[in-house]
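Scrolling down, you'll hit the structures one after another.
Presented sequentially are two complexes of chain A, the first with chain B as partner and the second with chain C.
Then we have the complex of A and B:
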């Protein structure tokens, strides 16, 4: 791409505050210029999960420094921007409101157009920043502490459909809860991953949620992790009650296997059913070694092209919001105006609010 | 000239000037729509005042006390507007704006300002009166209290439903003029986040 051409690509700043990461990213078209994240994860550790009010307070503290750092990193000024983008949902409403309020005031002060975008579609949008050609349609599996969703993306800015999602806990939450059960610290994902490394994933057969034939009729692409969490708790309690030692590595490995198996089985089934030979992974849980390995193995066997963006673009971040904003600008979409609100349950069909 | 924002009760935005007073002010009383209305209220105030962003000398913001979710919207907006405009933020205790409005319109003497803190509690601040510059002299608070101890106080009481960004902005101008120090960077939540530490995992089998 020539420099002249690149100069016409929209320069967009994206703000993300839907959960516990304060993210500000800056992109020029599909080129990543800055991706700065401040996390309040440590403050939630002693509670074993994200506390919405703590997350929202942390966003307010972190937002201005994060904006400043991102501008420095991208080596651009606010006046250079073509547009501002912000996550308006789904997510924790008090947390979202910090970003929405800040983004509106920033856009007014700069007299720049403002795009309110969908957080989940933002995760899909991160893929355009990897520098490789992005093909659609694709199935996208987005798994984090806040969501577990399976999407069909026919067109990033026009046509995204929710195939299924968790009907109870997010997969990341299940990792946190099981880690706690095993006496491992928060966040549970990396801890379970570490403990599982030396365990036997076939030691205990934990249930695969919503995978029985009767469930598959109604919930073919939906997930459920609360039954799995209870099954692990019961198994551990029985060992403890019997005065036996709990084989932490085997429990961790078997639990992790159950989560990875059900995630990837349903994602691959969606690709097959819909005749879509592409799968994109997103969300913090892609850091999990077993989820990645199983996805690689099963996609290779099924002839599905698997894409996993770099980890810094998979966890919640502002760059993905900026990237989706830039796609909307490039597609000629009018800005969102100033009247939108934070929508904690924004449906994925609302790519732009 | 200042842009002034307060979201400690409803959402109030104004443009004020030291000499001309309140030039534009728009408010939304609904205490659950801060994020929706904040952008439009700022834009309308700037348009009505006929002032460009470059014509402002700073942004004044009410730091509460106020219910968290809404309060944060105004502070976040003020900070990012200031960043975009490359102007400083000055922070004011929201109750001071209520007291300032009271004294500016002829009130005098001791005053207890209260605002709704939800959950059957009140935010309160106590003032001795106005000083020679007309600025409110806060002697206690802001604090958080159940209604009973406040009801039993023998002092003139002002239960405010709203905080005027116009009053807050003109107070900020006056404070600046007389070299007074502004509020700190911490929002005045006056309540800890609602969290209870779980006592370890709950048993699932009988």
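Then we have the complex of A and C:
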């Protein structure tokens, strides 16, 4: 693409504050110019998870410096922007409100159009920034501390369907809770990963949630990690009651295998059932080595093209929100105005609020 | 105090639905029980019957989630207090108790500083042993009212 052509693409600033990461990203069309993230995870660690009030305060403190750094990195000024985009949901209400408030203030003071966008669709939108051709439809598996969703994306700005999601615990949350059971610190994902490295994933056969024939009728693409968590709890309790040592490495490896297996089995089944030979992974769980390896193995066997954007675009970030905003601008969508608010349970069908 | 035996997750959801039919704005339910007892399953049944926007899933990660009504009823606020160390932190969540139905998981010791009346529900599961793949072992449910509001509650 020539530089001249690129100059016509919208320059969009994206703000993301749905959880514990304060993210500000700047894109021009599908070109990433800046992706700056401030995390408050360390502040939450002593509580064993994100605390909304702490997150909101941390966002408030981090937002201005993050914004300044992003503008410097992208080498643009606020006046250069064509539009501002912000995550309006789903997420933590108090945390979302900080980003929404900041985005409204920017849009009003700069007299720029404002786009309120869906956090989950933003994760899918990150894929346009990888510099490769993005083909639709695609199935997307988004897994993080707060989300476990399987989406069918026919068109990023027009047509995103929720195929299934967790009916109880998010996958990341199951990692946190099992870590708690095993006496490992928060966040549980990396801790379980570390403990699992020396364990036998076939040592204990833990249940795969919603995979029985009776469940597959109603919950074909839904996930459940509550039964798995209970199974691990009871297995560990039984060992402790008998005065035996708990084989932490084997429990961690077997648990991780159960989670990875059910996630990838259902995602690949969706691709096959719907005749969509493309799968996109997103969310913090792509950091999990076993989930990535299993996805690569099974997609290769099934002839499915697997896409995993760089980790910095998979975890929560502002660049993905800017990218989705730029797609909406390019599609000629009217801005959201100022009438929207933070919506903690915004459905995925609402791509733009 | 009333004790019930709930044989399956489906029936746990139905108990939630039965209680939902008797709720109004301002009501608070405290749910107790160890990991995997069935607290979220109960709340899912309650939320579906209240007619709020779902899905009702575990609030552990977000601490509190507001499900707006799809009709003209009150919203459901679903709270997980496990990670809160003091009732003041529950108060910090700025929940609109008066206008909502509030379900608080891991509520033990958290509520009396914040509200006057609530319905205590404790769910017990078998400890140790192996949960079958179907997870259909019965749960023992204890229901205990706190305050006048709850004396008329119907459980069957």
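Note that in this section the second predicted complex is superposed on the first by the 353 of 353 C-alpha atoms of A that agree within 3 Å, B and C clash if a C-alpha of one lies under 4 Å from a C-alpha of the other, contacts with A are read in each partner's own complex, and residues count from 1 in each chain.
FYI, contacts are C-beta pairs under 8 Å (C-beta built on N, C-alpha and C of every residue); 3 or more make two chains touch, one makes a residue touch a chain.
All figures in this text were calculated on a predicted structure; none of them were measured in a lab.
Enquirer: Which partner chains sit in contact with A:247 here, chain B, chain C, both or neither? Use first/second/both/neither.
Expert: neither
Enquirer: Which holds for A:50: it touches chain B only (first), chain C only (second), both, or neither?
Expert: Once the two structures are laid over each other on A, A:50 reaches chain C alone.
Enquirer: In the superposed arrangement, does A:237 touch chain B (first), chain C (second), both or neither?
Expert: It touches chain B and chain C both.
Enquirer: Kindly classify A:103 by the partners it touches after superposition: chain B alone (first), chain C alone (second), both, or neither?
Expert: Only chain B; A:103 stays clear of chain C.
Enquirer: What is the contact status of A:181 with respect to chain B (first) and chain C (second): first, second, both, or neither?
Expert: So A:181 meets both chain B and chain C here.
Enquirer: Common interface residues of chain A with chain B and chain C?
Expert: 47-48, 51, 53, 93-94, 177, 181, 230, 233-234, 237-238
Enquirer: Please give the residue numbers of chain A that touch chain C in the complex, ascending.
Expert: Counting only chain A, the residues touching chain C are 47-53, 91-94, 145-146, 165-170, 172-173, 176-177, 181, 207, 212, 226-227, 229-231, 233-235, 237-238, 241, 344-345, 347.
Enquirer: Going by the contact rule set out above, which residues of chain B touch chain A in the complex?
Expert: 33-40, 42-43, 46, 53, 68-69, 72-85, 187, 189, 193-195, 197-198, 200-201, 203-205
Enquirer: Per the contact definition, I'd like the list of chain C residues that touch chain A in the complex.
Expert: It comes out as residues 34-36, 40-41, 44, 53, 55, 57-58, 60-68, 83, 85, 89, 92-94, 125-131, 133-135.
Enquirer: Which of the residues in chain A end up touching chain B in this complex?
Expert: On the chain A side, the touching residues are 46-48, 51, 53-54, 56-57, 59-60, 63-64, 67-68, 78, 93-94, 96-111, 114, 177, 180-181, 230, 233-234, 237-238, 338-342.
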